[in-house]
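Just dropping this structure here.
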Amino acid sequence: MSVWVYGEQKSELGLEGTITRKLEEDLYEVFIGPQHPGSGHMRIIVRIDGDIIVEADPDMGYVHRTMEKLSEGREWIKNVPLFERMAIHDACNVTVSYVMALERILGIEPPPRAKYLRTLLCEINRIAAHLYGFGIFGVFIGHSTMYMWSFADREVMVELAEKLTGARLTHSYPIPGGARRDMPQDFPQAARKAVRYFRRRLDEYRKIFLDNPVTRKRLEGVGIIPKKIAAELGVVGPVARASGIKYDARLAEPYDAYDEVEFEVPVYEEGDALARAWVKFEEIKQSLRIIEQAVDWLEKHPREAPIHERFWAKAPPLWKKVFEAEGRVKLLPLMANLKLPPGRAMARSETARGEIVYYVESDGKTTPYRVRIVSPSARNAIVFKYIAPGYKVMDLPTIYGSIDYFPPEADR
Amino acid sequence: MSLDQARRIVEEALSGIEYRVDEGKGFIEFIVAKENLVEAASRLKKAGFDHVKSLTVVDYKAEDKFKIVYHASSYLNEDLAKVIVGIGTEVPRSNPKVPTLVYVWRSVEFQEREVFEFFGIEFEDHPDLRLLLLAPQVAEKKPLRKDFIVKEEPIIRTKPPTG
Amino acid sequence: MPAKPVVKRLPARRGLFAGFKGNVDAITIGLKYLVDPKRFTLIYPNEYIKLDPGYRGFIVLDPKKCIHCSSCARICPAAAMRMIKRMEEDPKTGKPKMKLWPVINYQRCIFCGYCVDVCPTEALYTVPYHDIVYENMAEMDWSLETFVKPPEHPTAKEGIPVKYIVDEEKGLVKVRAEEVEEK
Amino acid sequence: MAGIIDLILSIIFYPPIYQLVLVGLTGALVVVIFIIWFERKATARVQRRLGPYHISPRLAGLPQLVADLIRYAFQEVIIPKTVDKELFVLAPIVATVLSILPIAVVPLTSNPAYWPIPMDYSMLVALALTTVSPIFLIVAGWASNNKFSIIGGVREAFVITAYELIAIMSILSASAAVLSFNLVEIVEAQRVWYILLNPIAFLAAFLAVLMATSGFPFEIPESENEVVAGPFTEYSGLLYGLNMGAAYMKRFAFSILMALVFLGGWSPYTPGEGILSGYLIPSLIVVAKATVLMMIFSLTRSIYGRFRLDQALEGAWRLVFPMAVLGFGLALLEAYLGVM
């Protein structure tokens, strides 16, 4: 077993062009964060030699809430609003796999309409989250227009999500057995308009941000993660796909309606910050495609309660009336004290930042025995430690922004 | 690839090591003895499981043991990517020490640090076993162990509303 | 499987004038928006968004429909909705009887709407606004008397109601609420 | 007694002083207030938002900066224990004063009665004076005794070495074309504005001034995402406001210089006799031209992000510096051909 020195570790992995030397005492130590504008609640302790980062130590936990423990004291369904607070702008993607794990333990499958509704909201969330990421990325490299534009355009997606669920951010939309609301009548029209708007708008994004010579120069060749190292470090999501890894949870284990809708998973092989930005950019395009298909499907098929019949078969007429009028699915009072049979399940879903994995264990009570969450940002945090050394201090924001690190999600 | 096929691959890889299979919904776990953990994990890695998705530790207080499972999967092999296979071990609660798997899977480095602070499980030979998320005074209480109890409020209020 | 991974290449920067073209493109787009910003800023509180009826705003109780089942309190993930005990006269027998009533603490409510959905008789309903300011935290802990009537909406008194419509050209368009409702 | 009043009056009416007060301080303040408002508004328009609004919506938020200034003026100036107190306080003040100083020697009219200092080397002196103020930004960073400040100061030093040569060379190309260091002669010689005769030098000067005044994409010393606020991290209140203002003051001084050299100074107006026709109108024209130039400077903010330090330096030395040399060569050629 070798001595763990950062430079050596990298050369062992075959990463060329980075420094290989022992740590020295007289290095300049700078604390980037946790109060910097844009960096969020996270600190990176950086030791620099001149302008070169020698060592970067991500110091997380500033917004830690011990969700894994809190969930053990709460009933199953109450954990949905809890877990979505990891990434509130990506709420559906984050919670859908938890709900899937519960469904696996219960042994039920949501009806197709619920699957499509969840997929629809997941993709709306994905676009919103990617735009959020782009915005923060823009701030990091000083491009304030990108920030303002993507936050303004995110509003379109938030508006759609609000129409669909009744809440702008924390939708708490998926529940075991289905989804909580059907889409309103005027939704398909609005969604199609938004899709057409975004198709045109993405071109402008490309011109002012991705193809802007200043931005390109700043991103190209920064934070390169070769394919082998990406697999070794276990990075997820756009970071992995920008390094040539053809992995997407939607692809590996299609959930909800993802095995029925047609879409591509963009993969780039450069592995630098620019490739990561392009993965996100292309993913927005694919999400638009999925939204179109989901809306088409939902419009064609008859409107019925998007929930498993186990929770709807005994619905009184009042509930059906409410569903007809508002599209709202009433919950059985037993939902509150839902008892799951003993069992264990794992489920994964692809959030905007990468794959989220839930391990859920039930011992037959109304509360979980154990829930283990591994969120994408928590897995990507390792990039700071192994990839940032060797680059310049001014590259750190670029790397940070390009892996789209989101502290509340990593800290859980 | 289905879980059964994955099971056959892993069984082949683990030949010569004693193991127990724990099945769950959507994954499969192989529990080996603590001494064989590093060897088993290395063989699993050679079989193509190149990263760890989740280092899951469950505290079975009634049985007085921790179950430590590394849920691995693959990136480079697109077939194996469809399954999640766990390799794990069980340690008594009184002496929670396991060899680290950082040198097998680099992706567990931060997760092992996390487990260390939440459960107090010591990973021997881990290069950088420090606290990751918690403050020292909180980590002392080992919050994810079952001894640490978070109580929910009752649904009937005793204090009247103020507003 | 309809989904497939596609390996793509980054757009290459070829030729002497690639950088020049990139600059020109960026500046053109910038100037385009300088001339026509296409903004949809809400000048709050002079204007406010009139939200759709389905919006999950403040939750209000209809006491006539309540059957005191405490489902809402049981499902509340934030422990905002709790039941309180009250002595009330039973209309049938005329004797005082203990009844459970829900009250809500808006210090904690996360507006997930579970209580509204779980209520078997639709006794809880949401009002489509949430922009209410309280002077102190204690006021946010509602008593049953406050809970049974919709709270006042202060911005509605002074501001102009507007609505946002998804638009192909501008993304969102701000229109007066009356104009939308006429259509 | 009378002697003292005479002395004070003679100081006030000493041409460099009143030019400094009239154009350098009053004019610059008005222009900077307008420019910062314009920068905010223009950036806001490109970014699809309103910009300053709530302070007098009728004036489209124009008094916003006045409000900001009042806020800065009444904020507590915190001087940390670890700093070098004298330098810490003096550096921003000196930097601001020095950044406006070039205006004291720049003639804004062809009427010799209103020249601040009648001399043949006004351009050289003005250029020399522009190079003084950045030193004090480094001093400010150093005196703060803070890691971020020092990193910011070092970056500032790097940037100075890159832009100074370019700025001086490209602006001097005009005097090479006219074969004179006298700004009045340079202005008078421009039958066609010099920007049309030598756009390369203008572009080089434009980029150099962007670098000098931390305009995007060269906003590197203060880049807030790594080094908080660069050299100004420890500053607060009025001193911080001065630091921020100094960059705009410097931009104003450079813009005046560029308006004289490239944009024909007070042309098409011919200064006459009397204070109105001889001084006020021509100097107003120059200031107006400088303002237009500053408006163009402020548009880059909404289009570009920021360069990395080494990329900015590389661009400056590899691309802009040859451009400045080329511009200088072109000027020599023009002088040889007698174009101007």
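Per-chain numbering from 1; labels A, B, C and D assigned in written order.
Basically, contacts are C-beta pairs under 8 Å (C-beta built on N, C-alpha and C of every residue); 3 or more make two chains touch, one makes a residue touch a chain.
These numbers come from a predicted model, not from an experiment.
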Shortest walk length in steps over touching chains, chain A through to chain B: 1
Winner on C-beta contact pairs when C-D is weighed against B-C: B-C
Cα-centroid distance, chain C relative to chain D, in whole angstrom: 49
Centre distance in Å when chain B and chain C are each reduced to the mean of their C-alpha atoms: 39
Inter-chain centre distance, chain A versus chain D - centres from mean C-alpha coordinates, in Å: 46
Gap in Å, rounded to a whole number, between the CA centres of chain C and chain A: 22
Multi-partner residues of chain C (at least 2 other chains): 26, 30, 39-40, 74
For chain A, residues that touch 2 or more chains besides their own: 74, 145, 152, 208, 212, 246
Chain B, residues touching no fewer than two other chains: 152
Touch relationships between chains, expressed as pairs: A-B, A-C, A-D, B-C, C-D
In the complex, chain A residues that touch chain D: 28-30, 32, 36-39, 51, 138-149, 152, 208, 212, 214-215, 217-218, 392-397
In the complex, chain D residues that touch chain A: 43, 46-49, 147-148, 151, 216-217, 219-220, 223-228, 301-311
Chain A to chain C touching residues, read off their complex: 74-75, 77-82, 145, 152-153, 155-156, 159-160, 162-163, 166-167, 170, 172, 180-181, 184, 190-191, 193-194, 196-197, 200-201, 204, 207-208, 211-213, 216, 244, 246, 248, 250-251, 254, 258-270, 274-275, 278, 282, 316, 318, 322, 326-333, 335-337
Chain B to chain C touching residues, read off their complex: 152-153, 155-157, 160-163
Chain C - residues contacting chain B, complex: 70, 73-74, 79, 82-85, 100, 103, 105, 138-144, 146
